[in-house]
Amino acid sequence: CPTAPAADQPLAKITVQLDWIAEPEHGGFYQAQARGFFRDAGLDVTLLPGGPGAFVMPSVATGKADVGQADSTNALLQQGEGLPVIQFAAVFQDDPSGILIHADSPVRTFADLQGKTIIARPEWAFLKFLQKKYALTFNVVPQNFSVAAFLGNKSALQQGYFIAEPFHIVQAGGKMPRFLATWDAGFRSYAVLVTNTKFAREHPAELRAFVRAYVRGWRDYLEGDPTPAHAALKKANPGNTDEFMMFSRKMLLDEKLVTGRDSNGGPQLIGRLDPARYATQISQLEDLGILKKSKLTPAQAMTTEFLPR
Amino acid sequence: MSVPPIVEFHEVTKRFGDGPLVLDRLSLAAQPGDFLAVIGPSGCGKSTLLRLIAGLSPVTAGRLTVDDLTPADAAAELAFVFQEPTLLPWLTVAENVELAQKLRGTPAAARAATRQGALDLVRLADRGGAYPRQLSGGQKMRVSLARALSLSPKILLLDEPFGALDEMTREHLNEELLAIREQKAWTAFFVTHSVSEAVFLSNRILVMSANPGRIHTEIRVDLPYPRTNDTRLSRAYHDLVAAGSRLLRSVEEISPVASRA
Amino acid sequence: MSVPPIVEFHEVTKRFGDGPLVLDRLSLAAQPGDFLAVIGPSGCGKSTLLRLIAGLSPVTAGRLTVDDLTPADAAAELAFVFQEPTLLPWLTVAENVELAQKLRGTPAAARAATRQGALDLVRLADRGGAYPRQLSGGQKMRVSLARALSLSPKILLLDEPFGALDEMTREHLNEELLAIREQKAWTAFFVTHSVSEAVFLSNRILVMSANPGRIHTEIRVDLPYPRTNDTRLSRAYHDLVAAGSRLLRSVEEISPVASRA
Amino acid sequence: MSRKFLNVLLPAATGALVIALWYGVHFWLAAEMRFLLPTPDAILAALRDNGDALWRAALNTTAGALLGFLLAVVVSIALGLGLSLSSLVRASLYPYLMILQMTPIIVIAPILVLWVGPGLRSVTVITFLICFFPLVVNTTQGLISTDRHLVELFRMWRATRGQQLLHLRVPAALPYFFTGLRIAATLAPIGALVGDYTAGSSAGDGGGLGFSALIYSSQAKYPALFATAAVTCLLGFIFTAAVLALSWLALHKWHDSYERADK
Amino acid sequence: MSRKFLNVLLPAATGALVIALWYGVHFWLAAEMRFLLPTPDAILAALRDNGDALWRAALNTTAGALLGFLLAVVVSIALGLGLSLSSLVRASLYPYLMILQMTPIIVIAPILVLWVGPGLRSVTVITFLICFFPLVVNTTQGLISTDRHLVELFRMWRATRGQQLLHLRVPAALPYFFTGLRIAATLAPIGALVGDYTAGSSAGDGGGLGFSALIYSSQAKYPALFATAAVTCLLGFIFTAAVLALSWLALHKWHDSYERADK
């Protein structure tokens, strides 16, 4: 149980740079904020919605934001370039980015991607991983945060955030797409929270309190009544309709993104990071040649220090 | 007269926008082969008169026919030497002279011959390769003239072509002009400030008065062509020049110059 | 002489780039108050001579001093009426005339008075509000002249200012010019093609020959100032005009015009 | 048919043609592709439905566009004046201006966002970066294209450099300058939009049109996306109309591009 | 000091100054910000290390930039000719050209990818869309700014419209046209880069400079990102040098902007 702050003690300020505009993927934050969990933990948390120009890692690295949301793969690559940032908690146990496939497409497995065109962010490391692991060649066309190209082409394959894009596709008159998940290929990227090393050094107590409140927020959002978060999300981004938010939340639950898909999954895993998985990820990225060999160890990349004991 | 006039003004009035009257009910008929000199005070409408004939500016009222058509429709071939030298700055002298013929599709060899002849005439045969900005003022005017002559036009409009030239070049060109006229039967309108030049060249002199522009008097010049240096020494010539000068002076006195200040 | 020359050419040579010689070792001294007329065939270098004095173009060899300094450094106030009217198209006639004084910081009231006087002089008082493109050729030249006169310069460079004007306006302006000269002691270089105009206005006439440009002869005009219409009727005047014309003719005959074709 | 009548008719006819063509293409498209090009009426409906949100976004973007545009004008005039001094100065500075123009926004954006902060300030700078180059190039070219006879006149009057600029080079450069201004007026709203979605912030005021475009695009709300584009265009038209009016005021009395046959 | 010497010295001095300033800013930045602005030597090193990849990317982008640029030139000339016909035509068409310029690429990109296919073709079209407007505006302005006396001359010669264009309006428009061309030459590489990262394709050899920029940016490889920008700039310099050479050839003999004091 969090220690109640003394009434006279000022709240510690923490600024969070989100990776995208406010959506249910940030449900943990908004529920914790709306229910006052952060405040209870003695924190005054500001949530900065993102977008394609959020520049989460540079913001955190330079201290413009104290905490940021990112995916662990990109975070590792940037840490490999020396950005003074450390990953300290999980948002999702597996990154929900995957490949969306039309319901009636003949593509069923990763091997079927051979020779195809995939609409995706060119910087997405998973693509390289697939090419190497399955000896595939395919063509990449940039994804511009839009499902138009997917909708307009019956044979399109597109990178998508599984908890959001399918909803828009269905809304626009498409069929619910299928999904090739990164984890099925053995590419286990987290969605994570990062902070800069200086902040981690100087504010361990606040970070610990922060993670606890955040985990509590997620749990409350997923297990309890999501209404407070949804009201706040709608306020931050009027594009969040109730249907959309319920859809996203359902996907989070169904795919056990927050609590973990593995056998050990469950509420106790919320926010947890596994150094062993990091070791695997680092060696995978080294094998792909996009992370320089022996530049980074799991201990440099992440810490479990701030996770609830 | 049996031959219809090639240029006919019938009560032609001209004003620019809502400005003052520039030409006031002007009537005039030029027969084919006429060499009309136009003299008159600065700003009386001489250039405007030529521009109307060329169809560069519409008449405000009245009727103006060229070759029995409106100036815009007239098929008569015109050449105009503007008061200010109007050369294409990106072409050399030779190219400037040849251009109009090139547009007509004259073959290169023929063009070159005509061009050479015209430049010889204005004594600029050696400057064919120069660009306009390398020429003196008088040289530019001479190029303009060469260009006009090389067109063998039916109607030649000359707006003070020799104003920027020294007397001798001027006389030389006057004589050349008349020599060409013996072969090509163009009709010429020739604006000048020199009464003697007007008398030497033309068979009719229009003396204009200003504000508004009107034809005050027409002087018939009955000196026989071809005219030579001897003409300049003749009694008749001198009398005409004297009469012209007197007329011009009287015209300027009646023209209310700068009266609306 | 005790007074130092205000403009002095010493063996001045001029060529453009690697073109032919334009001025060839030309020497000349103008005393303050001199009214020098420059006559000569088209292209002989008259405009170039004036441009050298104005410092618009550097001499190729020799020494040219204006007020004992190089033309570029000379503090002497110059006014130049270019051979082609050079008006700012975005200013009205009045604004064009006033501009140079405005740049000097003359107060508006004084400027307006000067401008009005100058425009009256060239008989364009009523066209102050017109834009240059609404003027006739002669009107534009007169505006240029008005602008130059309104500057009360120490040295006045006039490049055929009256070429585009009818005789009467021309004579009127000639007389005005001399009248002003009585009050303001400028030194004038006056390019003209009219020998009679040169004789009427100047105390010295430079007769130039061409290719390359040289001063062939200088004619002293010892007619007394002020000169009036009576001057034009005097014997001495006529003799000088006749002599000048003869000289000009001879000069043109020796000038190898278009010889390098 | 009177000229005045034609002056209204022809643009209207072209407009009608474009709209007809638009519908034509829409229905010519395979049914499942049609959503990509919503019909004008659908766009109008979206404009109405999202009126409030678009209005707020447009205000944000207008602020960025206007500030960036004005900054570009001021800086371009200053730079143009400097560059017009001599070909030496041009050779020395021009490459660096080009670099400024050619550096991709995605390279600059993080620096900008971290330095000047996201939102209006970054949007203004990005708009500036997108607008200024055509203006500088046109202004400079205008300033160095002055008629040499007029330049000589000023030299003879011993006009100071400043006077020569003010009274000669600047007015003579106006036709070029306004050409550049017309380009910049068109680039400003789109620049602000790009700025908004690379460095904008949805914090506080909910971002500008760039953010709206991004969100509508990601949510596949095409009519609303096109409505956003339409608002951007409208903004550009307003800017351009202002520039054209200024240009007319400055030039119609004397410049050949406004010359009409006399009547 | 001789003029020739200055001609080399001053640009070199400016270059040195810019580099010094660059280092200055780099080290003036708080240590944790420095990675955002890598030093020139770090960029050079990255250029060397990623030489092969950048070279391949540059070739791809060059193809798009060149094709888009040429397309823009051809289309702009055609449009400029059309627009110069009368103010009526301008009033009728100009707004639609503005719309083309102002519609955000993110609206157009999906349509483009579906219609013309991703990769070179889309990149070309996007480059074209980014380049063409300044060219059209400048070309048109040039074509309508012809000296009216020369126009009258041609009218009197009863020159056909085509002849008037070819022999009069076009040469007279060249100074404006080349001004537009210089802007377009600078926009072409950056346009191709934007095109690449919105509608490019990795087919064949892995995309162009836009892909590289995205990847380096997302991986925080800032020196490599700046190296990519440097390559883009280099491309722009090459384009511009070509344009300046052409402009010199076409204008130096007669246009006042190339006028020098005689000696």
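When the chains are written out, they are named A, B, C, D and E in that same order, and each has its own residue count from 1.
Everything that follows uses one rule, which is that a residue touches a chain if its C-beta (ideal position, glycine included) is under 8 Å from a C-beta of that chain, and two chains touch if they have at least 3 such contacts.
Computed from a predicted structure; not experimentally measured.
Q: What chains, if any, are shared contacts of chain A and chain E?
A: Touching chain A as well as chain E, we find D.
Q: If I count C-beta pairs in contact for every pair of chains, which pair wins?
A: Per chain pair, the contact count peaks at D-E.
Q: Between chain A and chain B, what's the gap in Å when you average each chain's C-alpha atoms?
A: Averaging C-alpha atoms per chain gives centres 86 Å apart.
Q: Quick one: report the Å distance separating chain A from chain D, using the average Cα coordinate of each chain.
A: Those two chain centres are 38 Å apart.
Q: Where the centres are mean C-alpha positions, what is the separation of chain B from chain E, in Å?
A: 50
Q: So which bits of chain E are touching at least two other chains?
A: 33, 36, 106, 110-111, 114, 148, 197, 210, 214, 217, 255
Q: Which parts of chain B, given as residue numbers and ranges, touch two or more other chains?
A: 16, 84, 133, in rising order.
Q: Residues of chain A that touch two or more other chains: which are they?
A: In chain A, residues 58, 62, 144-146, 148, 152 touch at least two other chains, as defined above.
Q: Given the complex with chain D, which residues does chain E contribute to the contact?
A: Against chain D, the touching part of chain E is residues 6-7, 10-11, 13-14, 18, 33, 36-37, 88-89, 91-93, 95-96, 98-99, 101-104, 106-107, 110-111, 114, 133-134, 137-138, 141, 144-148, 175-176, 179, 182-183, 186-187, 189-190, 193-194, 197, 210, 213-214, 217, 225-226, 228-229, 232-233, 236-237, 240, 255-257, 259.
Q: So in the complex, the part of chain B that touches chain C is made up of which residues?
A: Residue positions touching the partner: 16, 19, 39-43, 46-48, 83-84, 120, 123-126, 134-139, 142, 159-160, 163-170, 193-195, 245, 248-249, 252, 257-261.
Q: Contact residues on chain A for chain E in the complex?
A: 57-58, 61-63, 74, 77-78, 80-84, 117, 119, 121-123, 139-142, 144-146, 148-149, 152-153, 196, 198, 290
Q: What residues on chain D touch chain A, complex-wise?
A: Residues 32-33, 35-36, 53, 109-110, 113-114, 118, 197-203, 206-207, 211, 214-220, 222 of chain D touch chain A in their complex.
Q: Name, in rising order, each residue of chain D that touches chain C in their complex.
A: Chain D reaches chain C through residues 149-150, 152-153, 155-157, 159, 163, 167-168, 171-172, 174, 253-255.
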